[in-house]
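Chain lettering (A, B, C, D, E, F, G and H) follows the sequence in which the chains are written, and residue indices restart at 1 in each chain.
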Amino acid sequence: MTLDEITISRAIISEQMHIMLEYMDMDVAVVGAGPSGLVCATLIAEKGLKVGLIEKKLSVGGGMWGGGMMFPRIVVQSEAKRLLDRFNIKSSEFSPGYYTASSIESVAKLTASAADAGVQFFNLTYVEDVMIKGDGKLSGLVINWQPVEATGLHVDPLTIRCRITVDATGHDAVVAHHVSKKCGKPKIVGEGTMWADNAEFAVVTHTKEVFPGLFVCGMAANAVSGGHRMGPVFGGMLLSGESAAMQILDLL
Amino acid sequence: MTLDEITISRAIISEQMHIMLEYMDMDVAVVGAGPSGLVCATLIAEKGLKVGLIEKKLSVGGGMWGGGMMFPRIVVQSEAKRLLDRFNIKSSEFSPGYYTASSIESVAKLTASAADAGVQFFNLTYVEDVMIKGDGKLSGLVINWQPVEATGLHVDPLTIRCRITVDATGHDAVVAHHVSKKCGKPKIVGEGTMWADNAEFAVVTHTKEVFPGLFVCGMAANAVSGGHRMGPVFGGMLLSGESAAMQILDLL
Amino acid sequence: MTLDEITISRAIISEQMHIMLEYMDMDVAVVGAGPSGLVCATLIAEKGLKVGLIEKKLSVGGGMWGGGMMFPRIVVQSEAKRLLDRFNIKSSEFSPGYYTASSIESVAKLTASAADAGVQFFNLTYVEDVMIKGDGKLSGLVINWQPVEATGLHVDPLTIRCRITVDATGHDAVVAHHVSKKCGKPKIVGEGTMWADNAEFAVVTHTKEVFPGLFVCGMAANAVSGGHRMGPVFGGMLLSGESAAMQILDLL
Amino acid sequence: MTLDEITISRAIISEQMHIMLEYMDMDVAVVGAGPSGLVCATLIAEKGLKVGLIEKKLSVGGGMWGGGMMFPRIVVQSEAKRLLDRFNIKSSEFSPGYYTASSIESVAKLTASAADAGVQFFNLTYVEDVMIKGDGKLSGLVINWQPVEATGLHVDPLTIRCRITVDATGHDAVVAHHVSKKCGKPKIVGEGTMWADNAEFAVVTHTKEVFPGLFVCGMAANAVSGGHRMGPVFGGMLLSGESAAMQILDLL
Amino acid sequence: MTLDEITISRAIISEQMHIMLEYMDMDVAVVGAGPSGLVCATLIAEKGLKVGLIEKKLSVGGGMWGGGMMFPRIVVQSEAKRLLDRFNIKSSEFSPGYYTASSIESVAKLTASAADAGVQFFNLTYVEDVMIKGDGKLSGLVINWQPVEATGLHVDPLTIRCRITVDATGHDAVVAHHVSKKCGKPKIVGEGTMWADNAEFAVVTHTKEVFPGLFVCGMAANAVSGGHRMGPVFGGMLLSGESAAMQILDLL
Amino acid sequence: MTLDEITISRAIISEQMHIMLEYMDMDVAVVGAGPSGLVCATLIAEKGLKVGLIEKKLSVGGGMWGGGMMFPRIVVQSEAKRLLDRFNIKSSEFSPGYYTASSIESVAKLTASAADAGVQFFNLTYVEDVMIKGDGKLSGLVINWQPVEATGLHVDPLTIRCRITVDATGHDAVVAHHVSKKCGKPKIVGEGTMWADNAEFAVVTHTKEVFPGLFVCGMAANAVSGGHRMGPVFGGMLLSGESAAMQILDLL
Amino acid sequence: MTLDEITISRAIISEQMHIMLEYMDMDVAVVGAGPSGLVCATLIAEKGLKVGLIEKKLSVGGGMWGGGMMFPRIVVQSEAKRLLDRFNIKSSEFSPGYYTASSIESVAKLTASAADAGVQFFNLTYVEDVMIKGDGKLSGLVINWQPVEATGLHVDPLTIRCRITVDATGHDAVVAHHVSKKCGKPKIVGEGTMWADNAEFAVVTHTKEVFPGLFVCGMAANAVSGGHRMGPVFGGMLLSGESAAMQILDLL
Amino acid sequence: MTLDEITISRAIISEQMHIMLEYMDMDVAVVGAGPSGLVCATLIAEKGLKVGLIEKKLSVGGGMWGGGMMFPRIVVQSEAKRLLDRFNIKSSEFSPGYYTASSIESVAKLTASAADAGVQFFNLTYVEDVMIKGDGKLSGLVINWQPVEATGLHVDPLTIRCRITVDATGHDAVVAHHVSKKCGKPKIVGEGTMWADNAEFAVVTHTKEVFPGLFVCGMAANAVSGGHRMGPVFGGMLLSGESAAMQILDLL
């Protein structure tokens, strides 16, 4: 066949335009496409809800790509081994209860599952503010292109509506900070010192609705509620994403 | 169970150390983890050869994540549709012979397949020179951490050995340029103007051994041999990666 | 009435996406929205042709805003006074044959006329390459978002088709340089020294088709053909834009 | 005619010098040439008052050029439709009560009207401090070239006098912050969350004199008084500029 | 003999990886390889304890290389002259009680002694957080590569365990600040004005355990406890390093 | 008396604008206000000619302020001692024939003399191009504000006319390079190695008219004609400035 | 004569070394070589005291070079006209009581006078801290090269001793801030709004000893004590420098 | 004893100034304080010649600190093992003929030996040009502070004289490039590809006088003469430094 560049351009614009128009109003917006966000989005979308995953970088995967200190391996404890298996990520037991996996395979498999579940990705997209109206509930996000923000251009954002927002943006807890700054709550306690064991436990406990319409999961949960810090051990991340999904599915 | 941070650290270092020691000497080094590099590495590794994929960025996927102008969709023509199917990437027909897919799903599925085939990933790794000895054959790569290069630190590189190198670094054709600069060949013709139809055809033709021990594929093939430029149409990329793999498997 | 943010977002995306889909294929693409580009685009669009004006900056107007050395005034000689009048720009005679005007009013009035004539603006859009196929004619442009280029992100461009392209990008003559680098012609002579009188005359003479499908106008004309440089005297610019429009209308 | 470069230089310096000397003392200084500032300045100048519009950038138009997320369209609600019409800006109804327009045409037409009304523009001009004397009234502005500020050069500013100042600098509310920091008032409440409907209403209510001699309008009004944030819906902006003008005309 | 690049690469990786695995758990971690850190680490390691010296820069030596204002000389008072002699650093008496030495020789000799004592160096290593568990004792450090931090890459750190940590990071007192921020103590008083005589005395007094498991020495001691500032007089630095070593050896 | 800010502003603008209008056309434009430029301008202005000194930096003095390696002293040989005396600069004999002086006093005294001679200073002014018309003679300069150039703003320059131009811009020989690039001559030989003795002699020899209307002096003379490099010995600079002045006075 | 580069180097180093050794201990250190610092240093040195002028930039003159908004003119009111005359600076009366002068001539003449009075200049020298001992009196300054600070190099400073320090560093009041931060006083009130008339009066009133051993003059006086801001009117500056000198001469 | 800051400052300035005055004229200037430069300087100074080691960075050691890819180990082959022993650097045999050592210990021990041999270090010193007079021999270096160069300040350099210069600046071969650019020779062939075995041999062969008065050693030797590249194997470096020293000692 003969390829026509203009048809290619039109195919790309047309497809994405329809997705953007459709996803201006969605059930759940997950912000941050690291491991907990990917797990959370996948599990909700698998139940048929309309889920968008908003990521400021060009690539998804968050802090997982680099493993620990650029050695691209991650560790998962026994409690979360079943989630590695569920997402078809190969692992091997290093010492009893400690499973290692390739950090790059892990990102790829979690992302592939999200795509299969019907999650729509909005990468290079930056949350610059939140929409909260008279009912005091987080009901939407104010978004812009990340390159616009990076170049300091003065360009107005657009607004999307969502019934539930999940802040999975890690240490920065970006959405929670926007809400806290404008509304005076939730109180941001801040992340504690490194204590992997405690952190892994806490991150699941801290995964909850911290403001009407806003859930936190992954390191954002600890960053908001004062949980300890963990390192390149991703079991708690996966479990936290799962926990957020379960709570939200109960709600919707 | 109780998690011990030190065991986690040791698990990560120990695992990656063994992989690094093992992959100092490999069958095929693919440089650049964009779509053509991923396809090429996967198809060779599936045949049981020892393949390393060297990527300077933290994430793999190259220019595929952003689709066309940040609209995360790609287009594939009918000739390459079977490769989308082979890698389990969902697509829909936009107009006769033009298939669209999610750019993010595409990266994830190609990467997942590479991991399943046994490809080892070395991300954040930068090729700063080449090893060519008295036999005039490219027999190894001089690598360093990309953050070392980005910060201008004066730190020496290490050298790895490989029987075959694939330059899949896109427009820059990094390895071919290193070889050309030091040895006077291959001649770098440079990429032509945009002409998607012609480019898609040419990229497969230009996928070949351009110097003893060095293959080029994907846009690097056109950048070396003067093929035309294409846009966010990735069929030629996938076919080029497949072609490089076939030629190399014939050789080894 | 009650305003709904989501309707606002959808209105903006929907309108612009339809324009983008429509303008993937246009009669004339004018690159660079300085004074000569604005005049050229306006005069062609007034005849009912489909004209797009592509500008890499957020704002149009080019080098006109700052007048001379940040004193926001421009000068126009008597020959071009009728064009100030045509675009409804107020001017006063400083000395015989020298008319001054506000640089800011000039930009605003030229832009307003272009909009009234039906010109479509594509700002923040960067021409990164050209489309030239087997017939050796410039038949399209490879475009991307300027913030993508400014942040060095690896994102693929899209391609648009146009029957005629006008390079009105000033000293840089961006499109002409892309064509010259890939095809070996047109020969770029380079701009001469300051000589306002001669330059004003030359810029109109040099306004012509320099490659099949490519016209140059404004300072780009002098930069390609070796005309002299002028200063904040914009008569030649306006006349050059007019001349390009006349020639193109004759052709189409 | 023969053009003389030196006459051109003298024409530009001489004209602008006389304007600068004249406008060292003006009736109303509007700071910020976005949509609300342009409307406000125009309506006051149309009544014959001496109005200067001070803008730190090279181009006027503020955040309007980029529309929403670089899609150059704006939306205006039915209440403000009459202002689009008044400024001759073409619009179409997207859904009942929502009118869309070209963001670029909008800037051009508002600016053209300001020029026709006799507003003098001082672009590339930065307000670095305020003049407040013993009567506790804002009676002047301390200005400098923006490129001086951007390059960190140590160059002293000049001072201009004005009976009334309008802060139309958007989210930053630059003048109000200078006054607040030096005098302890007005209290800056800070902008609220996105709530377009409420914001559009509030911005007009918050348009008022917040310190003797200082009015705020546009987003600066909400930023000072705690109004909600809006997006690329510019009706409130236009209405706010109109309101400021009405109040000031009553006063002078 | 014939040199094989791959054996060289393997030798380097293998040796350092085994050291890293071994030093994930050490007796004493000294952070900051300036003069006080080098003395402290040497004296402890000479007693047979496992000591790691963690330095964020590529080179060790801290602020000593530059002497005073880039004149590479240091001064040591008579009380510390014996330490210069102990480390084999040549000095000459400038005036009674004031000994000068080469700053570069001083760094080299202190470092050579540390290496001879068995101290292991971890350069280009950055302490980004601390490990404190339920017993409220500083029991480990969260480390990463400095180039990762400098380039802003999102890569997870690793954790090491140590019985005692010494903060010898100078004015910044990096470890003490991490502990103070997360645990509310120790209180950081901050460094006083220049008063060399008093500072030299104080720095030894302030060298102590400021938090369970954390000692401070050198300028970090004054920065935490409010001691005065000194200049390029290094006697107090050396004595402080010695004092920290004595106290820690008593404890272990 | 009571001070009025607006009168102050008007005084400054009015005075300088009149000087600018007057100096758009001058006898001699000296570009670069280092020692040779200052001497040259002074000696010509003392004869009653209209001389402007154009300097891109905020301060005049060029490379003289820093003496040698930031030790603010200069050396002058016996042949040039009379020029130190003429400009009232104190000096002392270090060894026979070598006189030292304060670099800062030297700048101040040369500048004071220039002011007394009636030289007009245009600082922060950048020469971005040259005016050469049909007679092939350098007859003017294209100037802009240096902060405009430093910030990359797109603002047009203005043009000034001068009978003679002196390039005293040091190693860069800015004006000579502009002329050479546009006209193919003068040939720029480039500066030789350090050889103070020879350089001091050569710089006077090389001080001459290198293109119709263009003289070079100071290091620019050596940079154009291949003279050797000198160090912080300023005798040749002063003598070269004197020589240029003599030649130009002969001519005018 | 024949010039020897090495003699030149030795002359410069030797001369400056002796000055540096001598000025490690001086009567009065004036920090900041703007107009008030220059006047103050000159008047004290004329009485035979040992005065050093410490300036962080390469050139002296502070904010005076640029006049107002890059128009290199200053204004002085009638009360300070006698100081212009004393320093031999030409001026002309713009309107009754307002005298204008060249900003560049003003810097040159003030600096020349300082040199003639015997002031020693230390340019490129940065005050990074203060020396205050047990008697609670500012008795010295901790200095470093400015390029060391600008490049972030870790190089120790040196200390100089002075009986009296004058902070003439303008808006930043650098020395006063160091003292205030370390000792809790003087209280820094901060500069008020622009009010030239009041400021000119206040700056002389606020010129005083604000901490044992520390005087403030020029804008630093207003910045410490809450005086109003002035613009490019330098009469108050000169009067303040004179006042500081008078008070210090009374004291010593 | 009581410490006096001023005595400390004077001690440092006085000592270093005398060294600088003495070393303005030396026997051998070694440029670049990496391993080959350190060995070369040490071996010459041990014979009683006056040797200065000029290093642009704050620390000496060059590329040795970082080992290979930030793993701080180096490898030395059997031929150079005796040099490790001579400089008292501990090593262990990894495999037959391959010895590993700590990169940090290596730098420290080489530097300590240089200091003991009487080498004078000039760190933060940058060679910006060369002195070559009528005899066509490299007879001196034009030096400046590195921070002056890094901040782009316009400050003149000083010149030092030396009978022999050694370029040990690694890949950049800084001195050889300055000489080549100004004199047309030596011809710079450029470094070849990685081939450790060949490179180690070649580097010693290429260590020679390449221009009257100029020797190259270490990687600079290969960079000038076209030798191959090596990695973190430092045997050739040490042998090359030794060879340069032997040749120079024969000459002097």
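Everything below uses one rule, namely that a residue touches a chain if its C-beta (ideal position, glycine included) is under 8 Å from a C-beta of that chain, and two chains touch if they have at least 3 such contacts.
On a predicted model such as this, the values are computed, not experimentally measured, just so you know.
K.L.:
Spell out the chains that contact chain B while also contacting chain D.
P.N.:
A, C
K.L.:
From chain C, what is the lowest number of touch steps before chain G is reached?
P.N.:
2
K.L.:
Based on CA centres, what chain would you say lies at the far end from chain A?
P.N.:
Greatest centre separation from chain A goes to chain F.
K.L.:
Which chain is most remote from chain D in terms of Cα centres?
P.N.:
Most distant chain from chain D: H.
K.L.:
Would you mind working out whether chain A and chain D touch using mostly the same residue numbers, over half shared, or mostly different ones?
P.N.:
Copies use mostly different positions to touch.
K.L.:
Nearest whole angstrom, what separates the Cα centre of chain C from the Cα centre of chain F?
P.N.:
So the centre of chain C lies 40 Å away from the centre of chain F.
K.L.:
Can you give the whole-Å distance between the Cα centres of chain E and chain H?
P.N.:
Roughly 28 Å, centre to centre.
K.L.:
Counting in whole Å, what is the centre-to-centre distance of chain G and chain H, each centre being its mean C-alpha position?
P.N.:
Chain G and chain H have C-alpha centres separated by 43 Å.
K.L.:
Averaging only over C-alpha atoms, locate the centres of chain A and chain F and give their separation in whole Å.
P.N.:
62
K.L.:
Taking each residue of chain A in turn, which ones touch at least two of the other chains?
P.N.:
Each of 5, 8-9, 12-14, 58, 65-70, 124, 131, 140, 145, 147-148, 153-155, 158-159, 194, 196-197, 231-232 in chain A touches at least two other chains.
K.L.:
Between which chains does touch occur?
P.N.:
A-B, A-C, A-D, A-E, B-C, B-E, B-H, C-D, C-F, D-F, D-G, E-G, E-H, F-G, F-H, G-H
K.L.:
List the residues on chain H that touch chain B in their complex, please.
P.N.:
By the definition above, chain H touches chain B via 62-63, 65-70, 192-198, 229, 231-232.
K.L.:
Which residues of chain C touch chain B in the complex?
P.N.:
129-134, 140, 142-145, 148, 153-159, 182-183
K.L.:
For the complex, give me every residue of chain B touching chain A.
P.N.:
1-5, 7-9, 11-16, 58-61, 65-75, 77-79, 88, 90, 94-95, 97-98, 100, 102, 104-105, 107-109, 111-112, 115-116, 121-124, 145, 147, 194, 196-197, 200, 231-233
K.L.:
What residues on chain B touch chain E, complex-wise?
P.N.:
Those in contact with chain E are residues 5-6, 8-10, 12-14, 17, 20-21, 24-25, 58, 124, 131, 140, 145, 147-148, 150-151, 153-155, 158-161.
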